[in-house]
Amino acid sequence: MIRQHLAILQVMLPMLCAPLCVFARRPVIAWLIATAATLFALAGSFILFAQALNAGVISYHLGGWAPPWGIEFRLDAANSFVLIIVSLVGAVCMIYGRDSIPREIKSSDQPLFYTMMMLCFSGMLGVTSTGDAFNLFVFLEIFSLSSYVLVAMGAGSDRRALTAAFTYLLLGTIGATFFVIGLGFIYVLTGTLNMADIAVRIAGMSGSGTLHVGFAFIIVGIGLKLAIFPLHLWLPNAYTHAPSVVTALLAGTSTKVALYALLRMLYTVFSPDLPFEALILHYLFLPLGLTAVFVASIIALFQSDVKRLLAWSSIAQSGYFLLGVSFANIGGLTATLVHMFNHAIMKSSLFLAVGCVVYRTGSCSVASFRGLGQKMPWTMSAFVIGGLSMIGVPATVGFVSKWYLVLAALERGWWPVAFAIVAGSLLALFYFGRVIEAAYLQPSPENSAVTEAPVSMLAPLWALTISCLALGINSELTVSTARAAAEALLAPHAGLPAHMGP
Amino acid sequence: MVNAFTSSIGHFNYWASVLLMTSGIYIVLSRGNLIKKIIGLNLFQVSVFMLFISMGKVTGGTAPILTGRHEIFSNPLPHVLILTAIVVGVATTAIGLALVVRIKYAYGTIEEDEILALDLAREQMDARAQ
Amino acid sequence: MMNGLTPELALALTLLLPGIGAVLIGAADRFSVLRDAISLLAATALSTMVLALLLNHLAGGSAQIQLTPLVQGLPIFLLTEPIGLVFATLASVLWVVITVYSIGYMRKNDEPRQTRFYICFAIAMACTMGVAFAGNLITLFLFYELLTLSTYPLVVHYETDAARHAGRVYLGVLLSTSILFLLPAIIWTWSLTGTLDFVKGGMLTGKIEGPQAALLFALYLFGTGKAALMPFHRWLPAAMAAPTPVSAFLHAVAVVKAGVFTLLKVGVYIFGTSFLSAMNVGEWMMWVSAFSLIAATIVALRKDDLKLRLAYSTIAQLAYVTLGVSLASVMGMVGGIVQLVAHAFGKITLFMCAGAIYLASGKTKISDMRGLGRVMPFTFGAFLLASLSIIGVPPTGGAWSKWFLMIGAAESGHLVMIGVWILASLLSIAYLIPLAARGFFLPLTGQEDRPQPQGQEVSLIGKPGLQEAPLWCVAPACLTAALSVLIYFAGPAIAGFVLPALRP
Amino acid sequence: MKHHLILLMAAKLMIPPILLFALYVQFHGDYGPGGGFQAGVIFASAFILYGLVFGLDELRRVAPLSAVTKLMAAGWGLYIGVGYAGVATGGMFLDYGRLSSDPIAGQHTGIFLVELGVGMAVASTMLAIYQCFAAHQSRELTDDEW
């Protein structure tokens, strides 16, 4: 029976655990509840993915109301793939949080912190699972609102977390509202909110001005959440000042979920054949993606705070996503999805490693990394592997991403873009080089009694690092999965009930 | 010409929304006071709510309560959606205000430029300490 | 083969043995004698394995291993083939030599971080074996990159500002070129042909032509930054900041050899000589290589620091191979392979001698080395022999490589390149021979006024009799010097061994 | 404040009708206009009025923040619990029809419980927001400011 309802349960179990955490008297109980929920979601997402691959689209009707009238959770290979990403990073971060969170959050706040974590988590899962555009907005807001709070929770150690959260709130809300405006136009045009149904109904309307306006609003709205290059302003501060676990969770998942929403809108709801969309892809996403890769990487070079450096690197990476999308072929889409998964793994592991450093040294400036190569060998070697992966050294997942992105660019015949992709990843060499050099080749400050981070933090960190290596050496799994997901995205009408077909 | 005029007047609800929307965005971007920013944000959101609700109105329609006396109902779905969106908006405002209160405590001001100046001073202090 | 030792197992062991060695070296951190013994043991075991594989190949056998796919459809693939075997044999034998030398050098100099040093050596060796036995381009690329990374700690061994700077240049140039040029070239090849396996006679025929083919070729040549083609040669002089055994290792055993080896593999198995010559792909690159060759030689002439002079000499010698590949003739390729071997023996000797001189006298400047040959006759004798080999005077190994290269030039009709080689050889006489000549024929002068070199034993200079470096350092140098002469007699055999792989 | 007799008396008189009205809106909601959102806000407004007139300390005694938070979680849990009840009885998530043997009655029960949950959550959220913000008042208001 659980199997049958898994599509909803794995979103709603964390949602139920959120209020339960409020009742927990001791923080550790809240932690247990939260961790159990994430682990359940992780197992569930694997089962769902297998189900979606084997049996096709899973459609779950909330309250028994059939779509397009009722809300539908609609899982195909694409979103169950994203579910795996989200729940994997979520589970790892929760396990990691057992020692890290008490260090950064007051114990009286901890149950509420876990509540927010659960809300954020289930919001992300909901965005990914739902097949209803308005429901997507609601889950997007659940996840965004809770992440504003989570970012602000970093105020315990640095008051700048508050302003960071405030900016995030302003821009995030504007983004969400843009999304709703766009949705309004689409609703006026089609009279439906079910995404698959919208796709069927707008098929012949490519000349409609309303459609164009709605499309533009939706793309800008999601772009704000995704931190597409000129809309990224909230991201560096939010990532820098949030608690370590939150940063790792957000870096690994929030932009991925927004990217998923973008892909869903681009490929399922609006079909990529629409001429205006091709226009946007080529003349907007391509230059923006390239600019993001270079500008953000160059800014990252000059950061003295490692978390901020990684945040800028995330913006650069979202440029890669855009590039992959702008290729508008199955290769590019596969590359984007592969990179989405790989980036989630490596960026989370990097942020977790930085979290270990913060745990021991209380700071994450490049200077505080001096000499850590000897003092925290496990943490720093994980950091090095993550960095190498970002650079794209073979046998790491980053290499696999680069490979497929370049391949897709070559398939399109876009030479300069292929070179720009590798050149951009090269910039990562320089900004990671600085940190790694400080860690290994500079003496640690005198009388520093830094020791290795506790095992409970190293274990999840290394779980990610090892998967970073393992999936880099054998990418069969990720790539075939991503390809299946890409195909699912490009086949919007698959598995629709007869009354909703084109 | 006349046609264009009537069609724009006919969509006056859109014009009203657009006016509110742009005012809201303008306030968010131009005001340095955080509370005013929140007010602008609210204005912006409310304009969207109004847009939705006015779209759901059917001329001559009434509330969709099944009494058997009326034939034409306004479309209730936008109202339902906006009810949800309003809740989201309230939550956003609450969190925003809570943040402003905390900022006031932490910085002693809610003017953006003063906060930035304080942050900058602190960063310079940190840089010198290293 | 031997009972129980299948060729596949031997092939796997070539990668595993250095790896296991690295782990054991790490475990024996506290016991320096045990640690050094393990290093030596691993090196010996590895060369035994490679020799076993070589014998197996000579007996007509072959071995291959396929592992997981790195990206879809491209497995990690190891395979024994003649060029790879030549390189593997060379590298593994020289590893033994360089290990012996390192033990002497590091102990005498009382270097810090010796355990890390040996671990990195072993890992780099495993990567070199991976490069040598790579059965497809992506496997080669994988181990090529890992080799860069595993030698980085060696370059920054001293952890001083100079070493850090050297490390930045080293990693910066090598990773930049490989990611910026080599990786796109590989992906391009893959998207053209759908395979990256090394195929006899190449696989690009009919897939690409004209300027595009030339561009692809240039990408490969510049992308292989380890081959130090100008203007991407800066890392080689920079890496001289490392201890001398590291320099010898980089120049003769692993890194630069892996670079030119990659070029040879690409030339032979990806492009194929017939395709290269038919498309006239290498024309442009030939001139770049010729420039690199002459320019590096001239720079070498002007360097007073012995190690720097040797570094530029290496750049010039590597350009021989690049030139050989761009000539697109079978004999040019053969010349490149023989040059790989001959240069390895010659250059390792030169570096070991440079280290020995430094150990014994503390001198690094050539102008200071007058008369040293009289107190260090073995070192300087070895240096002289190796110099002759590098110049290409018979009967040394270098003679054969020049011979084959010139035949290659004649075969492909680029007679002007013969002139380039002759010029370069003449110039190399000018930068190599004076050192030995000064050492032997000029008197030891001026050292009464000179302050004693720091950290050296006072007894060495200004007293009669031999003042050689420790036996552990001198003996390997003499051995390789002797070998670089012996290679002369093996030259045709090597050529005959690899020719079947080259002729389509 | 104690001497603002008119305010005190007016508030005392108004609060019970407000609460009653809130309950009316709440229970009417499952088959007519009304419902948990509106009722919750009205319900909370009674408490907020109490707090305004009698002071925050008094309000905290009546509705302590910790209890309010728990109530919030409980309301929210109730909503999701009803969803689970649909699953437990063999239907879909949030399928209230299954809650009773008669689908119509089941719908009634379901929406009633959901609205109750919403009402609890909204009322307590409003109260919590009020309490949190009011607590940050920098000084007591003086009489002439009223």
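A few notes on this one:
In order of appearance the chains are A, B, C and D, and numbering begins at 1 in each one.
Going forward, a residue touches a chain if its C-beta (ideal position, glycine included) is under 8 Å from a C-beta of that chain, and two chains touch if they have at least 3 such contacts.
In this text the structure is predicted, and so the values were computed from the model without any measurement.
Counting only chains that touch, the fewest steps needed to get from chain C to chain D is 2.
Seen from the C-alpha centroid of chain C, the farthest chain centroid is that of D. Mean C-alpha positions place chain A and chain B at a centre distance of 26 Å. Averaging C-alpha coordinates per chain places the centre of chain A 45 Å away from that of chain C.
Inter-chain spacing, taken between the CA centroids of chain A and chain D, is 36 Å. The geometric centre of chain B is 68 Å away from that of chain C, both derived from CA atoms.
Pairwise, the chains that touch each other are A-B, A-C, A-D, B-D.
Those residues of chain B lying in contact with chain A across their complex are 21, 25, 28, 34, 37, 41, 44-45, 48, 51-52, 55, 77-78, 81, 84-85, 88, 91-92, 95-96, 99-100, 102-103, 106-107, 115, 119, 126-127, 130.
Those residues of chain D that touch chain B in the complex are listed here as 32-33, 37, 125, 129, 132-133, 136. On the chain C side of its complex with chain A, the touching residues are 68-72, 76, 138, 141-142, 145-146, 149, 156, 159, 163-164, 167-168, 171-172, 175-176, 179-180, 183-184, 187-188, 190-191. Interface residues of chain A, counted against chain C in their complex, comprise 388, 391-395, 399-400, 402-404, 406-407, 410-411, 418-419, 422-423, 425-426, 429-430, 433, 437, 441, 472-476, 479-480.
Residues of chain B that touch chain D in their complex: 63, 65, 83, 87, 94, 97-98, 101, 104-105.
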